[in-house]
Amino acid sequence: MADLNFENKLIIDIQEHFRENIIAAKVKRQKRVEIRTNRESIESVLLYLKEKQGFIHLAHISCVDWMEENRFELVFILWQPQEKINVLVKIDVNRLNPVAPNIDYIWSQANTYEREIREMFGIEFEGLVGRRELILEDWDDMPPMRRDFDTLQYVMDNYKFRSGREDAQDVRETIAKRTGEEIPEIAKKYSR
Amino acid sequence: MNTLVLLLLIFFGGGLLTYLAYKISKVVGDILIAILGLAGAYVFFTVSSQTSLTFSLGGFTLGLGFSEYSWIFGLLLSILAPLALIYSIPYMKGHDRLEWFYMLFLFVIGGMFGILMAKDWVTLFIFWEIMTWSSYLIILYSRKKGLDKIGLKYIFFSAIGAYSLLTAIVVIGGTMRTLSIAETISLFGVLPLKAQLLIGILLITGFGVKAAVMPLHVWAPDAYTNTPMSFSAIFSGAMSKMGIYGLGLVVVNMYLNHGIGSVGHWLAWFGAFTALFGTFYAVVQDDARKLLAWSSVAQLGYIVTGIGIGTKLAVFAALYLALLHGLFKGTLFMAIGAVERQAGTTKFSELRALIRKMPYTFLSALIAIIALAGIPPLAGFVGKWMLYESLITSGHYWVVIFLFFASTAGFLYSYRFLFGVFLGQEEDDYKDVKEAPALMTLPMLLLALVLIVLGTLPGFIFKPLAYSMQGLGFTDISYHMSVLTNSWGNSVSLPYISWTLATVFVLFLIVITWVNHKGTHNVSTKDIHTAGEPPSEEDNYHFALDFYKPFMRSIAPVFKYSITRIYNAIGRGIEDFFEYVRRFYTGNAQTYALYVIIFFAILLLLANQIF
Amino acid sequence: MTFWQILGIALLTILIAFITGLFYMGIRRKVIARVQNRYGPPVYQNFLDVMKLWSKDSNIHHGIMQHLAPLWMISMSIATLLFVPIAYKSHFWTNFTFNGDLILLLYLMVFGSLGFALGVGQTGNPNSAIGVSRGLTQLVGYELPWVIALIAVMIQYKTTSLTDLVAFQQQHHTWIAFQQPFAFLAAFLLIPAMFHYSPYDVIVAPAELASGPISEFGGKYLGLMMSSSSIFMFAKLALFVDIFLGGAQNWLWMIIKTLTLYMWPVLWSAISPRYRTEQSIWSVWKWPLILSVLGLIIASV
Amino acid sequence: MNYVLNDRESSKIIEFIKNFARKNSLWIAAYGTGCGAIEIPPTMTSRYDAERLSIRGAATPRQADVLLITGYLAVKTLKRVIRTYEQMQDPKYVIGFGSCTINGGMYWDSYNTIKQLGLYIPVDVYINGCMPRPEAVIAGFAKLQEMIGKGEANGWKHYKENLEWYRQNQQRLIKNWKMPDFNW
């Protein structure tokens, strides 16, 4: 068992520092720590991690759509180069009123990630500057990465398929016949 | 009445008359100046070199009358002046205080004619000062911000020139007991070398200011830029030639014809440096007028070099270039004036793509630029060819390298001028720009036509030039209508060039227009290849800022290196000296005036030594 | 000779130069392919390219200057060709060689590029304008040592005429390359720059400028450009051969010499990466400039 | 020698010569649209050397004859491709490259890539595969050359004649249609 001194110390430090604002904190595994906090203190947590704990690099901001629980989860992935350690800082954002704090004054690269999340999930960041269009162009439908966006339906509505290829089953069967393998059940189900 | 007096009367009396006419009605004034300009030109052509007028004053004989040498400058003036005056009528429309402007304008022209017909130094000096002061007042005319400084710079340098001229005249009068120019020239050989050098260098300084030779050029770019363009055409086109006229008198008539060549060679080097650095400065300008002004400085450098070398072909080339510079720079200043009037600005960073809106202006500017760049088959090439050949055949190949380099770098600003003003992406701001009125385009097109004709048949101008050269002591000028020959016997036949180029051009024009003409379409400048991205209305991909960045980047280390080396060589001690010298430049006009007087006094003291 | 004879010979000269130039370009592509361990296109590929460009059904231009742009090039190329001696002492192939000299050619060779640059300017494509800015900068760069080298030759032989230079070399059975080696070396080093081949191809740099000045030209305009550049290329090579390599007595020698000479920029370009603009200027202001100045000093003493 | 070519025959001969030149000089608009662009370098360089078959890259659409759609095409890219295609000079050819251009390929259910290239610009030759190897690419070019030689590669004419239909398809995907007119 590798020693988890730094990880544990980090959790203790941050809990001491922020107390009840840290909803949960645990060592997921070696070199990976997960901290869940609330919207109000996310900026100070990130600043604390950057200035006091040496997590100088924001690797990514990712977003998870927990549609059933009616929330988005924003994950700020930070990196500490000395200890080579990742911290995932998570907050929840209400799915009905998706507004999150803007952190691009802490790391300027956050701007791009936030624009992408804004475009793909429809989460607004307070005071985010930048063109609304990043990857998509002229998109007027629901933000496409939300789970209630029906991709297949959208594709069927907007694109025409070449006739005779509604079902890719013939290709699968040909390949299966050629290689002599069984078509798995899931593949049989998952077809047009 | 004597035609000389008539000529002066047309411009000086006409100037006063114009003042009154504009007070009465602008239309009357407009008609009057056009008539005066044309009448002046007409009267000039009726003057023969025999016509003269003498009177005596205080023991000295003063006189008026064109010499062979000055006649060619009069020719240039009488071509350029009426065209500039006619051009000026629509150009200056809507300005106030026109009566002052035109009066001074006519005084300048009259002053120049006076200089050219002066047979003695005193008359020359009087007209010189009339010309200088009138042009100074024209600089102040437009009442723009910062003009007082520019005017001060101009009048300061002019004063240096005037005082050296005056000192020289005093020395001449003192040593030779004559004020006649012709007698001065013939008696010049008798003088001791010291007096010869003193007189010559004073005169060269005096004339060199107007000819914008390198250390004395500082006033020129600003002054050429900040007068109304109709006057700039004369200012740069003709007035600078008064300096050339004087330099020719001094260098060729006084020095070379009496066997002193070294001063001319120094002057040639000054000219070469002027050409090179004038070109470099022209390349980096953002204002089209500034570009033209610096290019004038550079072009005058070529002419000064030609005069300084002083061989037959070199002087011939210099005079030819002087004439030609008047023509093409006149055209260009008129063209940029038209652009300024129609589009409201002359900055490359603001102007773009006026070619469709102002086709005639573009055409004349194009022709003038080709002539300026010295590219065959237009007239500029003839001058460049003669100048280079004269330098190479007379063994001045280090000078010719400078000139060659300058003229190659000259392509840069030539292209910049046309591209920045007339070509590039079209802009909606200039959608409503119209072509300039016919009275403005016609003079330009006329001058451009002359440039085209002279490119193939320079013999038309060689004849008066050869006549003028007699005044400089070159009597056996042989020339051909369209063949140029150097002293090694190599020749260039111009019709072959122009006809080949023209024939092939027209032939392929027919071919390329005819082939598949149905499938050929004109598209807008928005419709360009931009990796598929269609430019929106607000996008404009015009490339105007830092156009020659790579050029400046590549020559920057050369300058840096040389400056560093100079600093290292001279050492740190020199800085104290610079610090001390800096105190002279107080920025106060009276201090400058004091310096001028001190300078004048020193010159007089020096002059007294020789008496 | 009558007018029609002169015209016929001139046309024949142009035709031969055109065909030879296109073949040279084909050979260049072949050679570069072989250097890169490829098979390469057939040597007559450029004929097909030119034919294809002329057979394009539609063409666009952005205005009159772009329409005229290739014409400046073609008239300059043909005029240059007609002023360059091809065959020594041949009355037949004289063309206009006795009516021009080196200074004329120096200036004539700029005529086309400047005219073309005007057309390029009218397209409004920023890449093209950047290409022109770089091209003119390079022109200023290589023109300096080139002119010094030519002046060295001119003052050494006291003539500015090309025919005189060729006559001298042919009569004395020598090459100026041996008599004035410094000027020759300087000019020799400048050839890749004058052809704008790699490493001096920053003007057309396809990857960064989208072929620079010609990026808005297609169809017949590009076809005419290719035709004229093939003629111009041959004229430039012939000019160099006339000055330094003894000229030629007939077309065969001219073609042998020019082709051999042409291999130098081609092979050099096959193995060279691209200079930036200022690097290309500094490179021609280093050895070529030093050598040409040496040549001038030697010629002048 | 009494036989004189009539108009039809002479134009036929001219057409033959033109087609011969066209098929033996194919310049590709170098516009890598999808992942298939990675197959082009080996096709052009020494391993397969497409230049020996008179195929070479051109820097801009103005000079190019062939537009290679290398793989999937996002809607955003489609706009630029249409622009590029319209900037090319007639005659111009399109090669659809990879399965994605035929029926969407592995991106068949992606909301942002088109499924059938032929609906938006006329495709002369499709090359199947995901990705097609350089041999297949060269085979596709050989097919195109054959078609040009016979005068069958007329996608550009088809596009001109059915511009309305193509525009309809294009504008259904590209909602903010701000493009210069198709003017040649």
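Labels for the chains are A, B, C and D, by order of writing; each one numbers its residues from 1.
Following the convention adopted for this analysis, contacts are C-beta pairs under 8 Å (C-beta built on N, C-alpha and C of every residue); 3 or more make two chains touch, one makes a residue touch a chain.
Source: prediction; values computed, not measured.
Q: Leave out chain D only, then trace which of the remaining chains are still linked through touching and list those groups.
A: No chain D: A | B, C.
Q: B-D versus B-C: which interface comes out with more C-beta contact pairs?
A: The comparison resolves to B-C.
Q: In terms of Cα-based centroids, which chain occupies the most central position?
A: C
Q: Rounded to a whole Å, what is the gap between the Cα centroids of chain A and chain B?
A: The computed centroid separation for chain A versus chain B comes out at 71 Å.
Q: Can you compute the centre-to-centre distance for chain B and chain D, using the mean CA position of each chain? Integer Å is fine.
A: 57
Q: I'd like the Å distance between the centres of chain B and chain C, where a centre is the mean of that chain's Cα atoms.
A: So the centre of chain B lies 35 Å away from the centre of chain C.
Q: Distance-wise, how many Å sit between the C-alpha centres of chain A and chain D, to the nearest whole number?
A: Comparing mean C-alpha positions, chain D is 39 Å from chain A.
Q: Where in chain C do residues touch two or more other chains at once?
A: Residue numbers touching two or more other chains: 56-60, 210, 215-216, 219.
Q: Can you pull out the residues of chain A that are in contact with at least two other chains?
A: none
Q: Where in chain D do residues touch two or more of the other chains?
A: 60, 62, 79, 90, 184
Q: Go ahead and list every pair of chains that touch.
A: Pairs flagged as touching, ordered by label: A-D, B-C, B-D, C-D.
Q: Write out the stretch or stretches of chain D touching chain C in their complex.
A: Its residues touching chain C are 17-18, 20-22, 24-25, 30, 45-46, 49, 51-52, 54, 56-60, 62-65, 88-91, 184.
Q: What residues on chain C touch chain B, complex-wise?
A: 54, 56-65, 67-68, 70-72, 74-76, 78-79, 82-83, 96, 99-101, 103-104, 107-108, 110-111, 114, 117-118, 121-127, 129-130, 132-134, 136-137, 139-141, 143-144, 147-148, 151, 154-155, 158-161, 164, 210, 215-216, 219-221, 224, 276-278, 281-282, 285, 296, 300
Q: Can you name the residues of chain D that touch chain B in the complex?
A: Touch list, chain D to chain B: 31, 60-62, 79-81, 83-84, 87, 90, 178-180, 183-184.
Q: Please give the residue numbers of chain B that touch chain C in the complex, ascending.
A: My answer: residues 353, 355-356, 366, 370, 373-376, 381, 384-385, 388-389, 392, 395, 397, 400-401, 404-405, 408-409, 411-412, 414-415, 418-419, 423-426, 486, 488, 490-493, 496-497, 500-502, 504-505, 508-509, 512-513, 515-516, 519-531, 541-543, 547-551, 553-555, 557-558.
Q: Residue numbers of chain D touching chain A in their complex, please.
A: 75-76, 79, 102-104, 108-112, 114-116, 119, 172-176
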